[in-house]
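Could you have a look at this structure, given as structure tokens, before my questions?
We call the chains A, B and C, going by the order they appear; numbering starts again at 1 in every chain.
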Amino acid sequence: MEVLGHAEAAQKCPLIILAVQRDHYSPFLRELEDVLDGKVLVDVSNNLKINQYPESNAEYLAQLLPRAKVIKAFNTVSAWSLQSGTLDASSQVFVCSDDNTAKQRVMDIVRAIGLTPQDKGSLLAAKEIENYPLQLFPMWRLPIYLCAGLTVLVFLYCVINDVVHSAVVLGKDISFRLAISIPNKVFPIVSLMLLALIYLPGVFAAIIQLYRGTKYSRFPNWLDRWMLCRKQLGLVALSYAFLHAIYTLVIPIRYYVRHRIATNTIAQVKNNETSPFSTVMAWRSDSYIALGILGFFFYVLLGITSLPSVSNAVNWREFRFVQSKLGYLTLVLCTGHAFVFGWNRFLNVANFKWYMPPAYTLSLVIPCIVLILKFILIIPCIDKRITKIRQGWERSSTAQEDKKFKNGHVTI
Amino acid sequence: MEVLGHAEAAQKCPLIILAVQRDHYSPFLRELEDVLDGKVLVDVSNNLKINQYPESNAEYLAQLLPRAKVIKAFNTVSAWSLQSGTLDASSQVFVCSDDNTAKQRVMDIVRAIGLTPQDKGSLLAAKEIENYPLQLFPMWRLPIYLCAGLTVLVFLYCVINDVVHSAVVLGKDISFRLAISIPNKVFPIVSLMLLALIYLPGVFAAIIQLYRGTKYSRFPNWLDRWMLCRKQLGLVALSYAFLHAIYTLVIPIRYYVRHRIATNTIAQVKNNETSPFSTVMAWRSDSYIALGILGFFFYVLLGITSLPSVSNAVNWREFRFVQSKLGYLTLVLCTGHAFVFGWNRFLNVANFKWYMPPAYTLSLVIPCIVLILKFILIIPCIDKRITKIRQGWERSSTAQEDKKFKNGHVTI
Amino acid sequence: MEVLGHAEAAQKCPLIILAVQRDHYSPFLRELEDVLDGKVLVDVSNNLKINQYPESNAEYLAQLLPRAKVIKAFNTVSAWSLQSGTLDASSQVFVCSDDNTAKQRVMDIVRAIGLTPQDKGSLLAAKEIENYPLQLFPMWRLPIYLCAGLTVLVFLYCVINDVVHSAVVLGKDISFRLAISIPNKVFPIVSLMLLALIYLPGVFAAIIQLYRGTKYSRFPNWLDRWMLCRKQLGLVALSYAFLHAIYTLVIPIRYYVRHRIATNTIAQVKNNETSPFSTVMAWRSDSYIALGILGFFFYVLLGITSLPSVSNAVNWREFRFVQSKLGYLTLVLCTGHAFVFGWNRFLNVANFKWYMPPAYTLSLVIPCIVLILKFILIIPCIDKRITKIRQGWERSSTAQEDKKFKNGHVTI
């Protein structure tokens, strides 16, 4: 290993990895401008904030040293991957540059150290590559806030309806329900709401297209943002459904449930009566459970197809088939599950505590709206119109002709 | 934005994205032949049916305009991906062309709009790329039909054996069993049958190779097709096993089961007798459950390794180890689960309803055949012969020499 | 098909796939040296052992025939993939060569037969590519041995503590517990131990860095190896947690449990007493179950993010957030689950069988050490020092200056 001055070191090497902060580019590198002429200069810098500067560090470097071949690379890789070269985390290295030969050379170096280069095109991509390592689940923010908000609201509703009501009215302490019983109401309710919220924007979009009579005008911004986070919304909903499934399966193990069943049996013996077997009860209990299981099964299937490697292996038609057809099937099954579970309880206003309807009725509002609207939209005459609009037809025929011409051959 | 005539527009741009239907290629483009000389022409067209024309649209275009550089791209991408550039569905764009420079250019455009180009080689691949977006799970058709057929048959068998028999002979309505009890017989039975059907073709293949004394002749077509859908067969079998697991775990929550247990306990109290604890029953109950759990665990493991990203991360030896060794272990565990569950019931002809053996005995037929055949095939002397055949040895030694020569250096 | 002599065949083709064993390279190929001049020579050979020869077969071939363009390819692909071209197993073909044009050509051939080429760079990668198909889960060996060892030890401890003690002291045969009760102690205990062992090396690393006052010296070898198998350790721990979950959910179906509950209820009736409902017991039972479910949920989340396609889709910051923050949350939840489950039992020495503490107390040792050490490390003043060290600060300031200079611009 030799220790050299900057200029000397730069002169000796055809390829230089620049690990200098952007603030020091200007005075430091301008001195070396002549030495760096024609050299391959790899910018590995990262900023502290997203979009900190108007242009990316790599583009700024390319402006400073127009005769050097600037490559953006390695900034997305952890020190850990660079050292061990393993597949512990991602081994992808994003590379971009305006000089293809230099880019190929850097990509070969990436391969040589056991990582996988990912060609991101020209230096225009540098901004995105520099922002990438600073992101923390940007697409998940909205779904998680929404989910957290709904969870808190429904949780409070259930606590008031159940624990507080019991403590105030009956003077009975059932606070232990906070651990399992209440969460096992909150999770399915929020999960069903979120599932319906995934399909609501699609229904809105269809209504907007019907109303406007064209598909060639952009949707309002809020609808676009909503549609873009449907996948994340779905995964949050699935995780709540998963929690609901385990919380439910765990019921017979609980001390509270075992105690209640034993007390019940003992009471029957003492009163010398056996509660008769009701076929209706058996049908109701079994069918809401069966609907729940089947709904959960398709829920999981939807989750699996949204894994990146699986969705990469199916084409657009297959993806839409799964996400749309199976998605609606899931929504129907889960809504049915909630309906049969409720049976006639949500009609019986006399049983309402403090005039509050039971919590699960809340969960049915959005799914019912979505299913009714969807049902209207698939009535043949309306469905035909939407299909026509989506194939490019427009209500005002002159505008249509114009568009057709422009779409006939788009040039880049 | 300028609005230009076709020829003018084409003249101005070095790269043209052609969004015209194949039927209009011939008269429309021939006029522009001279203008398009040397231009990069991106064919984004799709057909309405698989293999609609003898040659792909892109190849047809290349024949029409031999001096243009034809690229096939973007036809597999949804409008949604093009607009939002997200990873909601797949962001892969298949690209193929006979001109490498033009292909690289189109791939750079793909990268610039945030999608990932996938180089599919020369224009020969265009046919496959054009067929791709029209497919709807082609590999899943056979497994799903098979599974659906078996499901219907076993379901009818169980309904007759259980519900109908009870209604006719005992005059008792147990129709509520249609929701959970019967499905929870059908799912495990069909799942075990399908699991065995995955390993049957491998056994057949070994027998055929043994009989023929060579590995160098093709298997019959039906066997090839069968072998190619083993992965899908396995995933369908896994999903049935998953349903069986949840349906089983849900048992103690059912009204019917709770009622039966309470009635049983009350009867014991009234008759003043306690059923004595049977260690044999405890062993039997616990061991069939344990076998089932372990079988399900390896089932899930097999499913996880068949995820594309996981199977891409293991080599052939590891993949075979998991799919073959762990696969047979799963089959043995699940068959054992069914055997211990049945215990001595399937010997007891007196208990058969309408001379029909209990449904789960049906599920044991194919697994037993597979396991017995496999057991014979791994007897050392037979196993050695198969291994030799698979390493290239052939029974007739002259043919073998010939082959060796030809295989010595295959030329393309 | 023509059958030709070796020299003739080679002369006719620009690209030759060489399927000859390495032992026969030297005499056989030297004769053809002139004929092979400038030809593309694809080496598809595999060895029988890892690192069998000092240099890879492809590099050896390139030395023998310096004028041929040697490509390493196809050796990692199974005959099955080559024949059927399906995505059953991996369809990746690793390709490397010192000649870029020849490599591109072979990669086009790979694409033409429906497989996906993976450019691995120069011929230096040939050694790795030749070792690849011989590996059998090398990263999994240590975690699986460790897990197997712990499983056997804990299993024996539980058998002695439970079954043997009962047989010897009470003369009661409870051997049926070997099927479910004992495994359902072993799985969670080992799973929690392994989970803690994932976070222990990170704690050690921080202590070592604190002690040394620098991040620029390598960790001891055992620590490096330990850190490299954390992912596999985590997946083994997850699979044990999964088994524990199902074994637990299955409890109410067991004959033994049903019999015990019925006996208990009947005894209450006979003695004409009802065990009173204890809110403390309800809280305890519900909260340890709830902690377990939430712990398992985050466990599964960690497992999903370690799928290759998912970890490729998140950046380093996101990956660390999930694996570190959610990982510690999981550890805290699972340790809490075990503590609340134990309640006051592990303090009560009088109840110890043969002076052995109950098995689950064993599982708490390592997690408590990890959590206490981690708790100390995140005390602000210590945490600040570690952060400084990880940002490059060193205790001895002269060494630091030196380093800074050297790290200022690393050249390759």
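Keep in mind that, in the parts below, a residue touches a chain if its C-beta (ideal position, glycine included) is under 8 Å from a C-beta of that chain, and two chains touch if they have at least 3 such contacts.
Keep in mind the model is a prediction, meaning the values are calculated, not measured.
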Pairwise touch network: line, ring, star, complete, or other: complete
Interface sides of chain B and chain C: same vs different residues, half threshold: different
Distance from the mean Cα position of chain C to that of chain B, given in whole angstrom: 26
Residues within chain B bordering two or more other chains: 87, 249, 252, 265, 269, 307-310, 312-313
Chain C contact footprint on chain A (complex, rising order): 3, 6, 9-10, 12-13, 15-20, 76-78, 81, 84, 86-90, 92, 104, 108-109, 111-112, 114, 132-137, 173, 175-177, 179-181, 183, 239, 242-243, 246-247, 249-250, 252-256, 258-259, 262-263, 265-266, 269-270, 307-310, 312-313
Chain B-facing residues of chain A, complex: 87, 100, 119-122, 124-125, 128, 224, 228, 230-231, 245, 248-249, 251-252, 261, 264-265, 268-269, 274-275, 277-279, 281-287, 289-290, 293-294, 296-297, 300-301, 307-321, 405-412
